[in-house]
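Each chain gets a letter, A, B, C and D, in the order it is written, and its residues are counted from 1.
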Amino acid sequence: MFKKILIANRGEIAVRVIRACRELGIKAAVIYSEVDRGSLHVQLADEAYLVGPAPARESYLHIDRIIEIARKAEAEAIHPGYGFLAENPDFAARCEQEGIVFIGPNSRALRLVGDKLMARQTMEAAGIPIIPGMKAVGEDFSAYEEEARRLGYPVMIKASAGGGGKGMRIVYEEAELRPALEAGMREALSAFGDESVYLEKYIEEPQHVEFQVLADNHGNIVHLFERECSIQRRHQKIVEETPSTALTPELRERMGETAKKVLRVAGYNNAGTVEFLLDKNKNFYFLEVNARLQVEHPVTELTTGVDLVHQQIKIAAGEKLSFNQEDLKQRGHAIECRIYAEDPSRGFLPSSGKILYLQEPKGPGVRLDSGIYANWEVPIYYDPILAKLIVWGENREIACQRMKAALQEYVILGIATTIPFLREVVAHPEFLAGRTTTGFISRHLADWCEGSDDKNLRRIAQAAAAYFEVNRRPEIKWKAGEVARRPSPWQTLGRWRLAGGE
Amino acid sequence: MEMKLRHGAEVLSFSLEKKEGKYIYRDEQGTMTLDIKEIAAGVLSILADEKSFLIAVTRDKDRFIVAVEGCRFEFQEASGMAAAGREETAARGIIAVKAPMPGKVVRVVVGEGEKVRKNQTLAIVEAMKMENELKAAVEGVVKKVNVAAGELVDSEKTLLELEATP
Amino acid sequence: MFKKILIANRGEIAVRVIRACRELGIKAAVIYSEVDRGSLHVQLADEAYLVGPAPARESYLHIDRIIEIARKAEAEAIHPGYGFLAENPDFAARCEQEGIVFIGPNSRALRLVGDKLMARQTMEAAGIPIIPGMKAVGEDFSAYEEEARRLGYPVMIKASAGGGGKGMRIVYEEAELRPALEAGMREALSAFGDESVYLEKYIEEPQHVEFQVLADNHGNIVHLFERECSIQRRHQKIVEETPSTALTPELRERMGETAKKVLRVAGYNNAGTVEFLLDKNKNFYFLEVNARLQVEHPVTELTTGVDLVHQQIKIAAGEKLSFNQEDLKQRGHAIECRIYAEDPSRGFLPSSGKILYLQEPKGPGVRLDSGIYANWEVPIYYDPILAKLIVWGENREIACQRMKAALQEYVILGIATTIPFLREVVAHPEFLAGRTTTGFISRHLADWCEGSDDKNLRRIAQAAAAYFEVNRRPEIKWKAGEVARRPSPWQTLGRWRLAGGE
Amino acid sequence: MEMKLRHGAEVLSFSLEKKEGKYIYRDEQGTMTLDIKEIAAGVLSILADEKSFLIAVTRDKDRFIVAVEGCRFEFQEASGMAAAGREETAARGIIAVKAPMPGKVVRVVVGEGEKVRKNQTLAIVEAMKMENELKAAVEGVVKKVNVAAGELVDSEKTLLELEATP
């Protein structure tokens, strides 16, 4: 087993990998950019190396610098997390050349599945159903224009190197095509360093169902069942769950076996996810391979009892899988909500700033993978994910109730977050009924606006503001680590006129 | 103390006073006796007749942000309201285009003096890897461009000024 | 199902039950004593009622006052938690008379198993093996003296109404018998309101293995496997785990079936635990029934996937068990560490005071059932339990590693706690090897003293103290909810002489 | 700044100074360059040559309590040491029996003037439902009893004074 791993990422996923390393007796080194000196992953790591200035291209995407740090730290392996270099075949190849283990698939498989177009060609050839659309990048604008006409609007623009919804756009009519392509290409370049995009027929109101797969370096391969990821805003998942309410045991087995075949065809190893679209008639189409640890991996962990990061590390170290397909069972139900620094009342615009107050949910069946802390300034340079709240329950109903309660306990002040919006999602009758499609949010919660009509609750809030104001006098001294023992302002009086005497 | 807070369009007038270790809240709806305990800086446990509320409260400039039972209320101080009003009056006719969030200017699409249609893209601002296009709210003329590509901006800064075509 | 439940308890267990109520859509009302106004259970409850002054007999043990509050709150049921009135048959009977559902066993069964002596008689008659010793309270001191001689020293003093080690004493020689009996009786009276004690032969170096049982009101009964609770100090458990390394599948089944028989014989309903002693030759003896939710119930929840508090409430509401014995399976391994306000360097003396700083462990497989928060003043009146840290892992090795990492992340400053001691326990080679007996602590860690020999770590700590001192100037102003933006004392200078210039 | 701290029996002398945004720690063992960031009140992230430490530090009277990597260090200020030394001298010959923890006196077993054997129980104090017997550390005579049953005491209070038999 490795003695030290370098984690080439930040935020909650870096923290997640640090904890896994610690549990396996491995030292965890991390990199950080200049704006991330105070970030949680730096605090919790065993070692932390400055990688460069804030912009990702000069830090978390800077391959030379990262390799140099891995050498200096004497790390035998690099865990890329998700995003940044996680699915970059050049980075994986460079690690291979340098004799550093890349904790992920081999670079050839990564190059194949990472190029969504090449993957589409390969899978179609292997008899796996794909969505109608382009199988190569268009030579010029007119190529896209023609293909769009052939498919019929609406069409979907996708980044060939894509994932996480970056670079993705739905185009409803021809006039929108050019600006959408340009914006998609710019976003793809910024996110992946590759501006290739292609068009697919847009399938309306599908369900997004993906299968988690583990493949060791010895030819053993298992799937760990599905994740239902249909609740999306801006083509990015915000709520995921497992099991999916849409699958029968028979369909689950068929899709699981197809997922394994996809990765076998690709010559894939380590952890990977095969995404499918499921249409209203329960036909499924291969969408793409996410050649990394997924953001939503915890729901699989909670229901199967398998720690996916441990498995990634063990597989990378050359170990054989210690279980086979028959050993794996789903138990209970798990749901994940993604907590983003975004304002759901204003079209999910990013929201940065200082976290003035933080109260985190706890209790049985509640897991929080978080990258934040009170007083932290959320930087504007990176993905706005703050944390993931994951709950497990004996059944879907209990899991929904638990998620609702946990979201209510979760308080972040100072920046806007998706918390109040997510509470609406999991309490929505359609969600509770298990009717989740990718159009859920635009159909049911498009006009959602934060706020409460409860006048009595507001009166309590008013009283709290007044109490706070009186007690927040500038001459009050606070001692580090404790609430100030201070003279009561009710006694000392001040610029506030007391409405009644004592 | 008496207090006036703005909540959305409403102005809320009320008072809070201390009496025998408890707090009396009064507004036109009536009176509540509250048992308030500050359990940490900005965190209050309030019992209102035996109902229990756990509340986090903080200030950001002239706003109070209060979280209670998973609901967030933002109140504005009455004095802050007046100032906001004045600013609005001064800018009549000229529309200040601000970034919707702090971020980096990717591109300024229009130049000073340029005529723009309604919904035309004026500039693109990127934050947290998402691009956001700022569009003209009305037909008009670009009076002033205050930023250039690559510049970091916060949500207070006026990026461009637009004069509406009457 | 109930609309509102009154929780007649405090601390972590009250918080645990509040969360369960919320998940089942039930309002949670709590009681609190005068010193508990700021306690966590009051903050998180839907409703909170002042029950009386600090001493338990005037508050959490005051039956009349609690019944009155249940009436006022219109609670249909009372959850007693553990300790206080949880195993008081008079309280259960009073609830039955008042038409309030007591969430626990019926008062007759409670009276039978709660009287450890009556239980011993009944179980012996039913053919269940018991430990040699008294089956009735001694009439006077000489009765105890004679029985002790008959059994041979050492003997064990136990409270007839007991549980949680309260009133328990080992007596090694006759001279110690009288003071030990007196102390045990006083402690029993204070803890249970009943001073009856009896003697048992002391079995040296046994393992303490208990079985969790659920019995509904319709005659259905299942066991949820064992908990190994051998790691004890002062006859109180501090580390529990499941599965036990001592059991074979065959022995597990035999003990599980015996546990069910014990509760059937007692006419028992709701959740209960049957405690056994296991000697070196794998003989097991019935010890007692814990007629309540156990402190250590979470390890069972994490391995079986059954929420025991949900089950307690459902059973009390008259529902049938929704699963049978064959549906229940153990998955992975779970360990609990009890975090007490005690100083392990000074013989586990209670430690009260203010919590000046709190950092809680998080991450996959980590559950924290806690009743504390930063700035809270731990009162001297009640049981010193602060929190329970529970971890789950795919196997015992991962669970041990995870517990060690979580304990390292767990920081409580201001009062002494068992955290550093527990870290030694779970990292001890004998513990890792699964050799856990009730003599573990006195054998391996009797002289344990907190501290680190790592001089380099100490230098870092010294630097932190110096930094803190310079930055903790009285003129510094702190604003609520954020770190002060303050002039650097390195610039302003002060009474500290700077050793070097900038 | 220079600092002297007592840790158990040892006295630690060292200095910490700020230089170019970093901090230089010096003691007789040598020098370390530290990157210190205060991430919350009393919580420090320290990087010492790329090794990362998360540290919580607080003060309780003249003690510093520092937690790092799961280890807790208690340091005493040098000034506090001197005071402690004086108190000890003054009390020579008379043993002050204090409660080991805050609690309630259940019973005082001995009276003033009574002779006691070594290990004899002097008083019983209860805290958090556990009884603790205070025993005589030496043979001697009870000089003074300062408390009675039912009284609440903290760990500072002298419950009884015992004069050791020479």
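Going forward, contacts are C-beta pairs under 8 Å (C-beta built on N, C-alpha and C of every residue); 3 or more make two chains touch, one makes a residue touch a chain.
Being a predicted model, the structure only gives us computed values, none of them experimental.
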Inter-chain centre distance, chain A versus chain D - centres from mean C-alpha coordinates, in Å: 48
Whole-Å separation of chain centres (CA-atom averages), chain A against chain B: 29
Separation of mean Cα positions, chain C and chain A [Å, integer]: 37
Where chain C touches two or more other chains, by residue: 44, 356-357, 374-375, 413, 468, 471-472, 478, 480-484
Shared-contact residues (touching 2 or more other chains) in chain D: 39-42, 58
Chain contact graph, described as a line, ring, star, complete graph or other shape: other
Chain-chain contacts as defined at top: A-B, A-C, A-D, B-C, C-D
Interface residues, chain A side, partner chain D - complex: 29-30, 37-38, 42-49, 73, 373-376, 478, 480-481
Chain D - residues contacting chain C, complex: 1-3, 5, 7-8, 12, 14-20, 23-27, 29, 32, 34, 36, 38-44, 46, 48, 53, 55-60, 64-73, 75, 100-104, 106, 121, 126-133, 152
Complex contact set, residues of chain C against chain A: 15-16, 19-20, 22-25, 44, 298, 301, 305-307, 310, 331-332, 354, 356-357, 360, 362-370, 374-375, 393-394, 398, 401-402, 405, 413, 468, 471-472, 474, 476-484
Complex contacts: residues of chain D adjacent to chain A: 35, 37, 39-42, 45, 47, 50-52, 54, 58
Contact set on chain C toward chain D in their complex: 166, 179, 183, 186-187, 190-191, 234, 341, 343, 346, 349-353, 356-357, 359, 380-384, 407-411, 413-414, 419-420, 423, 450-452, 454-455, 457-472, 478, 483-484, 490, 496-502
